[in-house]
Every structure is written in structure tokens, then in C-alpha cells.
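Each structure below is given as C-alpha cells.
In what comes next, chain A is part of two complexes: it sits with chain B in the first one and with chain C in the second one.
Moving on, here comes the complex of A and B:
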């Protein structure tokens, strides 16, 4: 029995950090199968594709740690990208277009980003209000919001792709700081994403606010009794989710120089990517535990698997299947271990150990 | 669920006595009041609104939704919030029915329904036994099924009346069927495909579509299962309070499993018809039906907390959805804006529903 307990501790430790183990395994397998996997250009491509889901999953992780779900992020990403592009075009023409010079460009981009982020935060605030104050279940609220927002995005863009004619910003944010091999993926966009990940992780681990969020997620009642304003915590986490989703959409649209109202509808849905990586990254589905960095590592792992599948000559379809199976397996594993735990509830290891020893001392039955 | 909202003040108790009458009526008959109001609005929208053909149009437009909603209602009734795997169950049953259609119509429909039952069984075991969050698991299931359908067809669509040598190499069950019986290539696809596509174009008395009749039949069967059988009663107990159901001798696991199986079977039936309408089997045919079904059910007065509501209300909710879309179209509102409006209506209705339940002293959170 004692041996059992020791092993279960090790298993728990391993399970907490499973994503690092998983990443190393995936890297080793891919490095053996594809020598080109660790080439400079492939690493750059891999990192670039990770940026959108990593940024969007930060807020999602926050909401999940608080014990809720935000299924509307796919629509919010689209809203962020479409509004950023559309408003830029409007402001740029308003400021006099090309004749306005650098000032017009800068002003238009700044206002476009402000608009996109404001929409994201607004949607998040509405979600948060309905969940925290009106006390509707977060799934239901955000599924409704998903439909309403995607309808809004289609209406805004009239179902078309919105593109811009200015390449000024994309030249800045996607230009490598040092164009040397293996560090050429460090672009301003990369730095922004890494900085946001670092800030959000530090807030989670080192501040009072972060501790409180963990407490709200693990036990709302206790948190309330301990004097935490639970409603406000939930509300803020939804607002942050809207913020990161809209910002990721806007940055993605800028780097593509165009925005579509249905990004991911025929390919890999961002919601699927974010949901899978957050759960695989070890955030507990019922809340109260999780980490932004581990989620980001999970995104990197899944994208590496996708990268390997592409090298094998497989399309989107195999990627969707692999991500789905991975998500299903992890959800199943998590719930199965919870089920086992619930069966063991009330078991007393010390007593069992004593009984075991007693059995050895007693003469065997004949 | 128990009332866990500690922040709710004591005054609510007295408020609830005052408001209980209005809230009860709004909860129970809200959907029919809304239908009445919309009928009056519709009368102003167009002179053709009150005609038999328009009402038949409304009903046949929502008949697919009706089949799906009747099934998902069981999941919500047993307190599991919703079945997100509905779109892909529809898609995969459509694909299976197209593959089985070469043996005739009955095998096609049977194949689809069996597929639905198997998926529902898996969902039910995992959710009922392991108590996974239903939405997360069904979403994961949705992604897995999407991957399966897309991967097996390499992202292509499958047409009932077209099959080449390649089709038999990449399909879902087709390669196995081809291996077992090489004669499958010689089946006359054109007439079989005409039969299959004709499913959606079959009319009784020249104007009542088959889909509508099937939808009404599904609704009636579901009504009897939910309100008149012991399974329905057990479902109600489990939906109201899982632990009470479990300790009072109900096999809660199998009851939850039954609910998910009914949901998937209804969705697969809807999948056959929607594939027949589109004349193509593809992974995207059922998109959006999960959300629309939940909207219709909530509009119909079924509580998200489980254990309250009935199929008559769900039918009302489905009809209301058709009515809203019909009137908006008569007013010249575009599809995209309609989507936005339906999302907005959903959020408002859910919020009002939650508030009124809280006023009645039953917490929905």
C-alpha cells in the first residue's frame, strides 16, 4: 500500500507536468522522422502559426481557471480581425488616405486596434455580466454569443474578405529583429505574444488577484466566505478573454493583410485548437488549476504534430482528426481518473496498511 | 441543482410570493404568448401571411430542426445542457446513408439510425458513467467525428448519383463494402439516387411534405416517451436531482445513456433528410443545428436546470423559430442579420428564464 501511495505521488507529478514530457516526446519522434524538422525555416513557420492560438488561449485559460467556459472566442477572433481591417480602411480614408502621410497611417492603425479591442472587451463584459450577475450557465451564454457575434461579423463584412492596401504595419510587426538562422522568428509580433504570456502568468502566480482566481475556480462558496468578490473575478476573467481573443484576431489579420468573416470554418476551428490545448495543457475542466505557460506549450505541441502530419503529405483532414482524438483521449483520461478518485473517496490508506500487516501476522487459513 | 447562491438576500423569498403568478405563467405559456404576438405582427407584414401555403412553408422549413430538437430535448430534460455532437452526427449519418443507399432506401435509413445509436451509446456511457461535463465531451466527440468524416473522404463531398473507382477506395465504409462484394460497382446508381433524393421531395396530398409528417411523428413519439412512460418519469427525477434519482433506485447511468441515444437517433434521422435535400453528403451539412435546437427548446419553456418542460412546448419553440425567420424574411431582413437576431433572442430568453426561475426560488445557476 505504501508503495502504491509513493507511486501515485509520482504519477500526479508526472500528470501535472505531462505537457513538457509530451512535447519532448513529440520533438524526439519528429526529429528522428524528419531531419528537416529542426531547420531554421521550419521552426520559424511553426512559431508563426502558434501565435494566434497562443494569444487566444490565454484568456480562455483564465476563464477556465475561474470555473467557466468561453465558447465564443472563435467568433470574437473573427470580430477582432474583421473590425480591425474595416475600421482601418474607414479611418485611413477619413484621414486623407495616402496623402495623409505617416501620421494618418499611425492614427488609423491605432484607432482600428482600439476599436477591435473595445469590441472584444465589450463582448467579454456582456458574457461576464450574464454569467456572474444573471447567473446563467457559461456554456449557454457563450454559445448564444457565438451565434450573435458571428451574425454580426457577417453583417459587418457583408460576407466578404476585407483587405487593406497598406503594407506599412505588417512590414514592421513581421520583420525579424536579427535575420540570422534560428532567431529569425523573433519578430515584434512574437515579442508581443511572449510578453503577454509572461505578464498573464506572473499575474496568475504572483499576485493576490491570481490566488483569488484559483480560489474562485476551486470552490466558489469558500472563496465567497473568505471575502473574495467572486462575481467581479468571473466578470474580469471574461473581459480578459474577450481582450486576448480580439487582439489575436487583429494581429493575425494585420499579418495576413486581410480578414475573413469565417476563419477556420473549413479548416481547423480556432475554438477547437484553443479548447484542446487548454485541456491538454493541464487546466482542470472544473476550474481551480491551470497555467498559461503550459497552455502555450500545448499549442506548440499540437502545432508540431500538425507540422509532422503536413510533412507526411496529409491535409487539414488528418490534422482535425488527430486534434480531435487527442482532445477526446485527454478528456476521457481526466474524467476516468476523477471517476477512480470518487470510487476511492473515504478510503483510509493507513487502516488498510495496518490490515495488510495484520494479515501477514495471522496464520494462514487452511 | 441546489441553491448554492450565497449572495442572494433573504428578501427574495418575499419577492417570490409577489411575482410567482406572473413568472409561472411566463414560464409555462411564454412561447404561446410569443407565437400569438408574432401572428399579429405577421398579419401586418404581408397579406399572404395567413395562407395555408405560407404556414406549410414555415413548418417544412423547420421540420429538420424539429426532429433534432425533439431529441436534444431529452438531453436538456435530464439536466445535461445540450448535445454539441448533433452537427456531426447529422453529417456522418448522411454520409452513411448515401453509402448504404445502393442497397435500397430502407438499409440507408437503418444504417444511419444505427450509426446514430452507436454514437449516442458512446456519449451516454462516457457522460453517464464517468460524469464528464456533457458539453466538453460532446464537443470533443464532434471534433473526432468531423476528423473521421473529412479524413475518410479526403475532404471531398459524396454525391449519391456519382461513383467512380476512386470513390470505392476512399470512402467511409465503401472500401470494406467493395472488398466484400465486387458487384457493387454494377448497381444502377441513377435510379437509387433518384429514390434517395426523392425523400425530400415526397409530398402527401400534393402539398404536405414527407419531412413534415416525419417530424410530427417524431414529436408524437417523443411526447409519449417523455410524458407517458416510466423512462420519462425516471428522466424527470434524474434531471431534477441526479443524486436523489440515484439513491431512490433509478439506474441514473442508463437513464442518461438513453437520453443521449434518443438525441443521436433523432439527429441521424434529420441527417438523412438534410442530405437528401442537399443531394450531397458532406461534413458541414449540420452546422448550427446544435445551437438552434437548444434555442428552440429553451424558447419552448424547458428549463436548463433539467426536469421541467415538455415536448408540446418544444414544438411551440420550433414553430416560433420558423415564424421569426419567416416574418424577418417578409420584412426583407438578410440571413446574416437573422442569425444575429436569433442569437440575441436566445441570450435574452435565457437571461429572463434564469431570472424568473430564481424569483420562483429555484436556482438555475
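Moving on, here comes the complex of A and C:
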């Protein structure tokens, strides 16, 4: 304990930026173990798999910074995808189908996206209301919402895969801007995700709104006393989480040309991926600290590990295990340092110095 | 604020006949209280005298107080924290309201980030923070971008003051701002307070420390049992007179003490150290003895109890029971050796509030009530009935959920839980905090009875009448050190104990 009297800023800084260190380590190991890792086609594949969890994790990170959890995103992603597909089919038929031409296509897609996003934001608003106003613990609210929304998704899709016959949109959003090696992963979908990450990160780090959200998550009482509307901040963070989750689902469905009501039930669920990435990326579980970009980097890191494991011929079991071990280690470290911090509450530095002196003068007592 | 408003000697705060009723008690009873600009006005009184209630009233935490409050001659209603802030009252609480994982500058300007367009202006924020820190002489010492968790307690306290001063308040209220500080740090704090005072702020200073009041305050108001006793100039009163005012009529005669046989040493603690909290403490506790342990808030008295009870770590030192050394590494082991620690936090650490009284009482003796792996709670019914009768726990329904019991009966259940372990050494940390008079009397009688049965009691208490009437001997802690001892032979009363806790060495029978 004595050694930790002056815990250096370097350790704090290192821990804050641990995700960059992880990423570099993972890249180095993979570059050695799996030379094809850095091939253009692999990078494209890797990036594409990251897009859904990165987009969904943005709002999730916001909610966690505010001191809450949004576990409903697993279901909201599916809601976003089935509604986008289903509503497109409905509107497209309504607008006259193929005979409606480009206008019908554009209108149907636009309305489908609006519907998907509206559902996501609506669910987020309901979550936010129950957490911020009714003061139910976010865990309970959003787990309940997860189940309810899953039920809705099954009812809406009647348990079936909903597919669309038009390839017009997917041809646009997944087409590389330049078909050259190493930049072929830059598609409109990629740009949209990167842009949203950038906007949300800027809002978080540069605006008064972001600073206030950090303060709410860090110490609600202080924030309240400082005149910050804490309830509104929490409410908005849930709405944004619903927005990013639904949008990520919709974009994913478009690029698959189909939506299933149970995506992620087999394999690693997007919710688990997002949860693990947000925590590994350095967002404090009790709120008040975190970053959207770091969460995105954490998604990339974990997906890289998966990518490497698959290429080494290892299956799904190894992926789940590695993600679990990494998450477990980080959560353990976080909890342990919180515990250590609580032990030192009310400590007298003068007595520590005295104890230090005593140790120098006397042979160690046990 | 204009200069003439800061002119010394104007009445800045006036409370006229303010009262606050809690269920069962009148916590503040028609108190008049005036604070002038350019003065430090100390508010003193024992635990439960009404200091905190009066202060919370100023902070706007009650909306149902009666009486009138004037700030700078204007009548104000302080019924919400926002209104109190608007009226110009700034509070610095004992428990600092810090967002630990944010930086200094973000804490200071929480909710008031300077912006350029939509973007937070970090340079302005930094410069403004440095300006604010100048007021408490921390500019140049602390980088505004340091995370708050890397800032020491002392500096956090100064930052809190700076934060309060930033809003240019009329009245600054400080609640025990020095309880966790070392002597030097108190010095720095006082220099700062004097400077703030010279600028014409009206300061209210709440403290238990007599010496501090004499060092820093101009006037002092004493409360007792919710009533105003007197307000006087500090230079006109002596320490003894002030203690007399706080303590009031000697209550000690009220309790009947029985002389009892005190036997051999049971607990022998030598050089006990818990880094940062308790330093090099040695004492002996004999069979059948009630040893009082007291000290001011932050003196380490509870921490000492927790170390011996096996909850906190003993970094150095020895602990012997009946002459053989024991490891205090965990509570289970200590209970096995016959040491039981009753916590001061009944609701958070002591009881499982959702379990029945029976389950709570049995919780420490489950192995004793078991045959092999099978738990047989029925076998404890005899013990349970005995405890219920002895402590007169009401209602008698043992299956009642602990949260449905009154505070006094909850405390009795907690005491029963540890009595059930049949301890040799019972460490009681504030055993009568927040209980009614009847329960208090019964707990006191029980403590006496346990001692006469040969149990050694370490009674940690800040309740002066309690410790004076029960203890055979009193040891006193200050800032983590054991500083002295008062013995029954030399006699002690509340005033003496209060002076001793304040580090007044002349009153000790034995000085360490």
C-alpha cells in the first residue's frame, strides 16, 4: 500500500488509453502469426464486420457514461432491421413496385429508414423515461425492454426472415468509392459510421452537453447542485442509444438484403460484443468516463482477435472464450481498483509518512 | 458585489426564531442566529444539539421549517438548494461532493462550461480555473487538467472552498472542514479562512474542535438539545466556560454505577498500525472491564475497532488474546477467538434489513446451530428467547423483518447477534447512535451486565454522558494516534473528556 501513495499519472494515463495498447499488441501478434491478416481483402472483411457493433455501441457508450446500462439494444438492433425491411416492402408495393421507378425506390427506402429509426428512438425514450423520471434501475428497465421488443420483433416478422427483392440500395451503400487495394473498404456505409462516430465523439468531448453528461455520470449530486438537468441528460442518452442501435440494424439488414428476427442468437450476440467493447474500451462501468472512439477501437480489437482465431482454424468456441477472458480481466481490474480506492477513503497522508519513517527506522514488523 | 456591502460588521445573515420538527423531536427550537460580514462565527454543540439541522436549513434542504430568515436585510425563503444558492448561501460539506473521475477544472466549473459558439473553450476554462485556484493559493501547484482522484484530501477541500467562492456568495458555511486534515494543513486552511474573512465574507464555521474555535472564530454560538444557549465573543470566554455551555447539567449522576471485579488482561494490543488511519496504538483490556475509546471525528477510533474486529487490515503490530497472539486477518477468525465488533452503521453494515430478526441474530452462529452440513435453527430457540427477554426486544415476533423494527429495537437485535456468539471481547462502535431514550437505557444496562459477567467491552463512543457513565477507563485518540488515558481513580467528567479529545494534554492521567 505504501508504494501507492503517489500513484503516478503515467499509470492513470496508460489505463485510460489501454485500448490503443491492446490494439497494437493484437496487430503485432496477428501480423506474426498470420501473415495474410494485413492483406487488403482481409482488412475489408474485418472492417465490414465491425460496422454494426461500432454503430450500435455509440449510444450504448453514451448511456454508460451517464451512469446507466442499455441492455435493450440487442433487441432494438433486430427491430431496426426487420422494420426497415418490412416497411420497405410495404411502401414499395404501395408506390407501385417496380413500375414506380426510381422515385418509388427512393421514397420507400427513406420512409423505411424513418420508421426504423422512429421505433428505436421511441424505445429509447421509453427506457429513458422509466430510468430518469420513474427512477427504476436501468438494468431492470432495459432487460424488460429487451424481452418485450424481442417479442414485438417476432410478432412483426411472424418469425420469418424478411427479404427484399431490390438490390438498388445495397449496390450503393456497399460499393467501394475507389476499387483499389487497401482503400476498398471505404464504402458509403463505412463513411456514414465513421461520420457518426466522429460527430458523437466531438459532442462528447467538445460541447457543454458532453461535459455535463460526464458530470452527471461521475457524480449525480454534484451535477444537480451545479444546476445541470440530470434527468434530461439521462433521458436523451437513452434516446440516442435507441437511435444508433436501430440505425445499425437497418444498415446491416440493407447490406444483407434481408432481416432475421433473431440475429445474434447463435454466435456472439451484438449486445455482448457492444458491452464488452465499451468496457474494454475504457468506459467506466459506474459512469463519468469514456469515449466513443475508444469503444470503436475496442470493437476493432476484438473483431481482429476473432478474425485471427478463425484464420487459425479455430471455431466459434474459441472466439467466445477469448472475448470472455478479455472482458473478465478488464472487469476484474476495474472492480479491484474501485475497491482499493474505497479502502483508502479518509486516509491521512501524514500518518502514511510516519509509517514510512517507522519502517526505515525499525526492522520490519509483521 | 459593491464594496460597501462587504464592509465589516453588517448583519449579513439573520435567523429569527427558526424551528424544525422531526417526527418525535424538535431538532431546532426557536433559535436566533446572526452572522456579520467579516467575521467567522463558530457554531458549536454536542452530537444531536441541532447544528447540522440548522445548517441544512440554511442549505435549503427543508421546506417545512418555521421562523424567518433574512439575508442582507431581505427576508428569504430557503426551501430548496437552488433558492439557497440564489440567496447567496454557499455550503462546504464534510463529505465533499466531488466527481472523482473528472478533472479539477471540470469540477470547479461543473454546469458552467465556458463556450465559444457551441464548443467548450478549454483555454478559457483553464484560465478561469487558475483564477479561481488563486483565491486558495493553489494556482501553480495544481494543474487544472489533473483528474480529481489524484488530488489529496487537503487540496480537494481547498478546491471545494474555491468553487464556493467562485459564485461570490454572501455567506459561506463550512461543516467540520478540518476533520481529516493534519495540523499543518489546518494551519494553511486557517490562513485561507482569515484571508476570506478580510475580504468581507460572512463565515459560519461548524466544529467540534475547541482549539480551532479559539484560533479562528470571532464569535461563537452554542446549541444544546436544539435550543440556543448563548452567543458570545470568543475572546470573552474560556474553554471551560464553553465546555460547560455545551455539556450543560452534569448528567453522569443519573446513571448508577456498580463496582465490579476487574480481572486479568484479555486483549493486549501492541503497536497496531493500519497505514493512513491508525498509527502505533498499544493498550490492554482486562476481563470485565469497560474501556471507553473516544476521539473527534476522523481520529481513527472506529478504524481501530475495525482492525481489531478483523475487518480492516493490520499492517503492523500484534494482537494477543489471553496471552496468545492471534492473526486479525479476517472477521471469522476473530469471532472464533471471541472478539465481536458491532458496527456503527447499523443499516448498511450491521443488519440484513430484509431478513427476519431471528435470521439476523443467528447469522453469526450458523456453524454452532448446525449438525454437520445441516442447519438446525430450531436448536437456537432457547438462546433466542433468552436474548429477547434480556434485551426486551419488541415486538416479540421473531419472524418480523428487521426493517420493520424501530431504530432502538434494530440496535438491540444487532447487539443480540453478537451476544449470541458468546464473545470474550465485545467492541461496540457507537452502540446507541440514533436510538430512543428507553432503548439507550436498556443497552447501557446490558453493557454493564455483560461486563459484570466477565465480558471485556471496548466502548467506542462520541456520546459524552454515555462514555463517562459507563467506562472504567477512557483512552483517547487524535489524528490516528492514541494520545492518553483517563482513569476512574483520578476522576473524569464530560468536560474533561471533551478537553481530552481536543488534545488538551493536561487532563490526562496517563499520557502517551
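FYI, the second predicted complex is superposed on the first by the 340 of 366 C-alpha atoms of A that agree within 3 Å, B and C clash if a C-alpha of one lies under 4 Å from a C-alpha of the other, contacts with A are read in each partner's own complex, and residues count from 1 in each chain.
Here is the rule we use: a residue touches a chain if its C-beta (ideal position, glycine included) is under 8 Å from a C-beta of that chain, and two chains touch if they have at least 3 such contacts.
Note that the structure is predicted; figures quoted are calculated from it, not measured.
Q: Would you check which partner chain A:214 touches, where first means chain B only, second means chain C only, and both and neither mean what they say?
A: A:214 sits against chain C, while chain B stays out of touch.
Q: Once chain A of both complexes is superposed, is A:324 in touch with chain B (first), chain C (second), both, or neither?
A: A:324 contacts chain B only, not chain C.
Q: For A:226, is the partner it touches chain B (first), chain C (second), both, or none of the two (neither)?
A: Only chain C; A:226 stays clear of chain B.
Q: For A:344, decide between first (touching chain B), second (touching chain C), both and neither.
A: It touches chain C, and chain B stays clear.
Q: Contacts for A:354 in the overlay, against chain B (first) and chain C (second): which applies, first, second, both or neither?
A: In the superposed model, A:354 contacts chain C only, not chain B.
Q: For A:112 in the superposed arrangement: first (chain B), second (chain C), both or neither?
A: Neither partner.
Q: What is the contact status of A:204 with respect to chain B (first) and chain C (second): first, second, both, or neither?
A: After superposition on chain A, A:204 lies in contact with neither partner.
Q: Is it chain B or chain C that touches the larger share of residues in chain A?
A: B
Q: Both chain B and chain C touch chain A; at which residues?
A: The answer is residues 221, 225 of chain A.
Q: Using the touch definition from the top, list the residues of chain B that touch chain A in their complex.
A: 4-7, 81-82, 126, 129-133, 135-137, 139-141, 143-148, 150-151, 153-155, 284, 288, 290-291, 294-295, 298, 304, 334, 336-344, 346-347, 350-351, 354-355, 358, 363-365
Q: Sort out for me which residues of chain A touch chain C in the complex.
A: Within the complex, chain A contacts chain C at residues 1-2, 7, 9, 12, 206-208, 210-212, 214-215, 218-219, 221-223, 225-228, 284, 288-289, 341, 343-344, 346-352, 354-355, 358, 365-366.
Q: Under the stated contact criterion, what part of chain A meets chain B in this complex?
A: For this pair, the touching residues of chain A are 69, 130, 134-137, 139-141, 143-152, 154-155, 158-159, 220-221, 224-225, 231, 266, 272, 275-276, 279, 285-286, 315-318, 320-325, 327-328, 331-332, 335-336, 338-339, 342.
Q: Given the complex with chain A, which residues does chain C contribute to the contact?
A: 81-82, 97-102, 106-107, 110-113, 115, 118-120, 146-147, 149-150, 152-154, 180, 182, 184-185, 271, 273, 275-280, 298, 300, 312, 315-318, 479-480
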